[in-house]
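Look at the two complexes coming up: subunit A is in both, with subunit B in one and subunit C in the other.
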Partner chain A sequence: MTVADLDIKAQALRTTKEESQFLVVWRRFRKHKLALLGMIIIGLLVSVAVLAPVIAPHDPLQVLMKERNLGPTPQHWLGTDELGRDVLSRLMFAARISLLVGFSVTILGEALGVFIGAIAGYFGGWVDSILTRFLDFMTTLPGLPLLMVLGKVLADVSIPFVSRDYSSVVILVLILTLTGWMGPARLVRGMVLSLKSQDFTEACRALGVSDWRIIMRHMIPNAMAPIIVSATLGVGGNIVVESGLSFLGFGVQLPTPTWGNMLQNVQADMWVAPWKAFYPGLAIFLTSLSFNFMGDGLRDALDPRLKM
Partner chain B sequence: MTRYLIRRSLQAVPALLLVSLCVFLMIELGPMDPLAMYEDNPNVSPEDLLRLEERLGLGQPVHIRYGKWLLNLLRGDWGTSNVTWRPAILEITDRLPNTLYLMTASLVATLALAIPLGIVSALKQYSALDYVATAFALMWRSIPIFWFGLLLIIVFHATLKNPFTGNPLFPGAGMYDIRDKGMPGYNAILDYAHHLALPLTMLTLHSAARYMRFMRSSMLEVIHQDYVRTARAKGLSERWVIYRHALKNAAIPLTTIIALDLPMLFGGALYTETMFSWPGMGRLFLQSAERVDYAVLMAIVMINAALIIFFQLAADVAYAYLDPRIRFS
Partner chain C sequence: MTETTQPYLGPSPDTLVEVRDLQKYFPITKGFLRRVVGQVKAVDGVSFTINSGEALGLVGESGCGKTTTGRLITRLYRPTGGRIYFRLGDPGAPMADISHLERDELMPFRRQMQIIFQDPFTSLNPRKTILEIVSEPLRINKVGTRREQEVRVAELLELVGLRPEYMMRYPHAFSGGQRQRIGVARALALNPKFVVADEPVSALDVSVQAQVLNLMKALQKQLGLTYLFVAHDLSVVKHVSDRIAVMYVGKLVETAQSRELFEKPLHPYTEALMASVPKPDPRAPRAKFVLPGEVADPANRPAGCCFHPRCRYAQPICSTEEPLLREMMGGRTVACHFAEQLDLSGALAPRTEA
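Showing the complex of A and B:
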C-alpha cells in the first residue's frame, strides 16, 4: 500500500464518519412523524413568504372601499378586510414579516446569549458574578409590559437606511432581542461550567490554546445540541410574542401587514365580519406548533438525554 | 438561613433602583409628550399648558425629576396621575380588587383542572386519557392566547344567542351588567359568574395546559424513584403510596412554579383584560402606557418588580423548607 492509497482511505473514512453523524441525527429525527410534518409546514411557509410578490393574487396594500369585509369570493379566496384589501395576499406578505422577525430575533438573541453565557461560565469569578447579576436583573424586569412601553416609546423613531414602513419592524427585532437572550445565556453558562472541568479542556490549556479559541472551538460546539433545540423552540415563541404585541398595536405598525396586526380590528368588526379572526390566527398557531414539534424532534434526535 | 434572607433582601434594593431608573429613562427619552392630549383642546390656553407643565415639573432636567420621584416614593408618595389628577396609588387600589378577583378565580380553576389531570396522566401513562391530555397540553403550548380569546368572544358572544332571550349567550365585556344592577330580581352572583365565564376560560385553559405538563413530568419522575418502590415493597396500599409518598414529593417543584406565578395576581392579564374590557390592572397599565401616565406607569412597574423579586425569594425558601436536601450557601 502506498502513501497515496492510505491518504485516499483516510479521506474516505473521514467522509463516511462525518456523513454518518448527520445521518444518525436525521434517522432519529425522521422517526418523529410530527417533527417531520412540522418541518414540511415550515418549508412551505418559508417558500410562500419568499415567493409572496410572485404568487399573491392581489396587492396587499390596495384599498378598495367598495369591497370591504367580504366573505370568500372567486376573486378573494379568503375574503377582504375592513379596507377591502385581499386577506390571502396580506397573509402571504405578513408571513414575510412574521417569519423574518421570528428568525432574526432568535438568531440575534441566541448569539448574544451564547456569547454572554460562554464568557460568564468560562471565566468564572467576578466576570461571572457581574454577568449573572445582570442576568437576574433582566429577569426581574416585567417582560410583556416592558416590551409594550418600549414599543410605544420607540414607535416614531426613524432609523437610518430603513424605510419608514419597516422601522417598526427593526425596532421590534431589537427590543425582542435585548429582552430575550437570558434563557440561552443561562443554558450555555451551565453547559460551559460542566465542560470546562473536563479533561479535554485541561489538555487544551496544557497545549497552550488561547482562552478565546477554547471557547469558540471547544465550549460552544459542545454546547450546540441544546442551543439548536432552544433556538427552534424559540422561533415559534418569538412569532407568538411579536404577533401579540402587533395585535395590541404596540408592535409592527399598519399598513405593513403581520399576522398579529391583521387581527387588530377583528373585535371591532365581530358582528359584521367574524370570519376575519380565523386565518391570521391559524397561521400563527400552525407556525408555532410546527416549530414546537420540530424542536421536540430535534431534541430527541440530537441528544435523547436532554430535558428541556 | 437568616443571613441568606438578609443578603438576598439587601441585593433587591439596587436591583429595584436600577429597574426604576431604566423605566424612568425609557419613558423620558421617548418621543411621547404627556401633555399632547391637551394641546389640541381649544379650552386649554397656552398659559394653562405652561401651568400644567410646571405642575408636572416637565421643564426640569431628568436627574432632578428622577431624584424628586425617588424622594417622594421614600416618603410613601407615588405621585399624581397626569390624566385623572388623582393620586397614582388610588388609581391602582381602584383596579386591584377586580384583577385579584379574576386572577384568583383563574388560579383556583387552573389548579383544580391541572393537578388531577397531571397525576392521572402520569399514573396511567400511554392511556387514552393521557394521550388526550398531552395533546391538549401540546396544542395550548402553541395557541396564541389572544387568538383563543378572540375565537371565544366571536363564537360565544357575537354568534351564539341565548334561545330564551335572544341576547348573546355570554357577555363579552365588563364585570357585571350596569343596566340590570339594582333592578328588581337582579342576582349579583349569577351576573358576575356569567361575565366571568369567557375571560376565565381564556386564562384557565392556557395556564392549565402548562401546569398539567409540569405536574405530569414531575409525577412521572417521582414514581420511578427508589423510595416509592420501597414504599410499595413494604406493603403499603397503592393509595397511600401515591398520595403520601409520591404526590408530596412531586408537588415540591409545582410549589415553586406557583410562587413564581403569584406576581401575576397583581399584574393582571394584559390580553384578557383588554379584550374583555375588564377594569383591572393589566388594562390600567395599557392605558397608562398609551396616555404616558408617568406616575401610574412607574408605580405599576415598581410594585410588579418588587413582587417578582419577593416571590423568587419566597420560592427558594419554600423549596428549601419542603426539600430538606437543599441547603443555602
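Showing the complex of A and C:
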C-alpha cells in the first residue's frame, strides 16, 4: 500500500467513532436535577471566589470600629461583625480559602490514596500487608484531636515561598491530606484487587507491559468512576472539616477569613448579631450539600449497570 | 539465551517448545505472617514437546493444572521447578531456557508467544477502544508509526473476520464471539510463532464455538502457527489438535496422536473422559459408565496413581506405586501400570485397514 492509500484507509476507519464516554456521562448526569442544581451552585460559588477582589463591596480586613455589629444596611448588605468588617465581603474572600482548601485537600488526598491503594492492591503480598496495616493504623487515630494537636504544633512553622498570611492555609492542607487519604486508598485497593484478577491484566503481562504501565493505563482508568465520586463527596466533607478546625481556632488563623473562623466569635454575640452565624453557616451548608448532590448524580451517571 | 557453554539444540530441529519436568506449587498461607501450611501442586512434573506448526491439545477436568501449564509456558507464572525451552530462531537454532528469565529478558520471547484467554468478557479492558487494545502490543514494542499501527489493526481485524470500521468502539459493543476474535487479533498482532489458547471457546455459545475454532484452524494454516490448545471439551480438542496430552491432577497421564487416542485410549482416565462426551445421535447407546467420585485434591494427592480411587480397573499396586509416564509403541506415552493388559474403548471406531 502507498502512503496515500494508508491515509484514505485510516480516515475511513475513523468515521464510525463512538459517542465519547464524556458525552454519555453528561447525558445521564443531566437527568439528575438536584445534581445539576448542585453543579450550578458550585459554579456560582467558584466564580464568586475567583472574582472576590473585583466584586466584593468592601475590603474584608478593613476595621471600622464605628460600625460594629450592624444588621443589614444599604452599605453592608449582610451587616458587619464585631470589628465592623463587612460580612458579605468577608464571606466572598472566605470562599476562596474554603474552596481552595476543599479542592486541594481532595486532589492531594485522592492522589495519595489512589497511589498507595493501587500499589497495595496490585503488588499484593507483604507490600499489601504493610500498607494495609499502616492504613488501618492511620484510620484508628482519632481525627479531630490529632488535627488539633498538629494544627497547634505546626501553627508557627514558616513555609518558604508562602507569605505568613497563608502559611496556616498550606499547613492545614497538608495536615488534612495526610489524614484524609485512607478512604480513597481503601477504595482503589479493592478495585485493583478485582481488576487484577481479570484476564486483561494477564493479557498485558503476556505482552510484556510493565507493572507501572498496567497500573497507570489499565487499573486506574478502570477505577476512575468511584474515585471521581469519592472526590466529589470529599470536597464537601473537607470544607466542613476545615470550617470545624478553623472555628475551633486550630485551622486557618485570623485575620484571613474562612467560613469556619468567621464563626469563631459568634457565640457571644448570638443574640446581638445572629446574621454573623447565619451566613457563614449557610455557605458551609450550601456548599457541602451541593457537592453531595453532585456526587450522587455522578455516581449514578458513571454506573454502567444503572440504565437511565 | 542461556549462559551455558554448549547451546541446547532440543530433541529435534523442529521442536518449538519443550517443557521438562515443569512444576508449579501454590503455597497455602495462613494468618498475618503468611505462614505456609501446605502446597497446592497445580502442575507436578509435566514434560512434553511441541513441534513447529503443530497443534497440541491439552485436556483434563477443571483444576487439573492445564491452564496453569499454559500460563507457565507463557511465563505469566514463575515455575517452581523444571525447564521451559523455546526456539527463537529458525529450526535447528539453539533453544533458550526461559523458565527463570526476568521481564526484560523475556521481551523477545513475548513477541513470539502469545495467549488467548478463556473469558472474552474479562480479557479486554472495558475502558479501551478496540484500536487501543489490539495495538497495545505494537505500541509497547514501538512497532511502526501511529498510522501504520492503525492500518495493521485494520488488517488484523479483517484477518479475524471483523469489520475494521469498528475499531473505535469499546468492547461492550461486541458479542462474546466477536470479543474472542478481538482477543485473537491482539494475540496475533506481532506475528507470533506460538499461541497458547486457554479454553478459547468454552465461554461461547455452541453455535459460535465452531466459528471461532474454524477461524483458529484457518489462521494456523495461513500463518503457520503452533498451538497449545487447552480445553476440557474433547470434541473441541479433537477438531483442532494433531496430538493430545491428557492431564490429571497436575500430571500427564497419556499423550498420543489425536486419531489414535480417540480410537484406542491406553489410560483408564482417557477412556472415562471419552465416555463422557455426549453423542449427537439419540439412538446411540448411553455412556457405558460414569466416572465416580471427585477430582483428587492437588494439595493432598492420593498415594500411588492419582487416579486409583476412581479407576474401575484399579489393582492393589495402583494405590502404592506411582506409575511413570512411559513410552509405548507409535510414540505414545502413558502412565498406567496396566496399559498393555487393558483393552479400553475410545470414542471413535478403529479404522479398518483398507
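A few remarks follow.
To be clear about the criterion, the second predicted complex is superposed on the first by the 283 of 308 C-alpha atoms of A that agree within 3 Å, B and C clash if a C-alpha of one lies under 4 Å from a C-alpha of the other, contacts with A are read in each partner's own complex, and residues count from 1 in each chain.
By definition in this document, a contact is a pair of C-beta atoms (placed from the backbone, for glycine too) under 8 Å apart; a residue touches a chain by one contact, two chains touch by 3 or more.
Keep in mind that what you see is a predicted model, and the values were worked out from it rather than measured.
In the superposed pair of complexes, A:Gln267 makes contact with subunit B only, with no contact to subunit C.
By the touch criterion defined above, A:Ser210 lies against subunit C but remains apart from subunit B after alignment on the C-alpha atoms of chain A.
Once chain A of one complex is fitted onto chain A of the other, the partner contacts of A:Asp199 are limited to subunit C, with no touch recorded for subunit B. Looking at the shared chain after the overlay, A:Arg27 reaches neither subunit B nor subunit C. When the two structures are aligned on the shared chain, A:Trp126 is found in touch with subunit C, with no touch to subunit B.
Once the two complexes are overlaid on the shared chain, A:Leu141 sits against subunit B while remaining clear of subunit C.
Legend: residue contacts after superposition of the two complexes on their common chain; A:Pro221 is shown touching subunit C, with no touch to subunit B.
The part of subunit B that touches subunit A in the complex is made up of residues 15, 18-19, 22-23, 26-27, 29-32, 138-139, 141-147, 150-151, 153-154, 157-159, 267, 270-271, 274-275, 285-286, 289-290, 297, 300-301, 304-305, 308-309. Residue ranges of subunit C in contact with subunit A, taken from their complex: 32, 34, 71, 74, 76, 103, 106-107, 110, 114-115, 117-119, 122-129, 136-137, 140-141, 147-148, 150-151, 154, 164-170, 172-173, 183, 186.
On subunit A, the positions that touch subunit C within their shared complex are 1, 6-7, 9-10, 12-18, 21, 125-126, 129, 198-200, 202-210, 213, 218, 221-222, 224, 304. The residues of subunit A lying in touch with subunit B in their complex are 136-137, 140-142, 144-146, 148-150, 152-154, 156-157, 236, 240, 243-244, 247-248, 250, 263, 266-267, 270-271, 274, 277, 281, 284-285, 288-289, 292.
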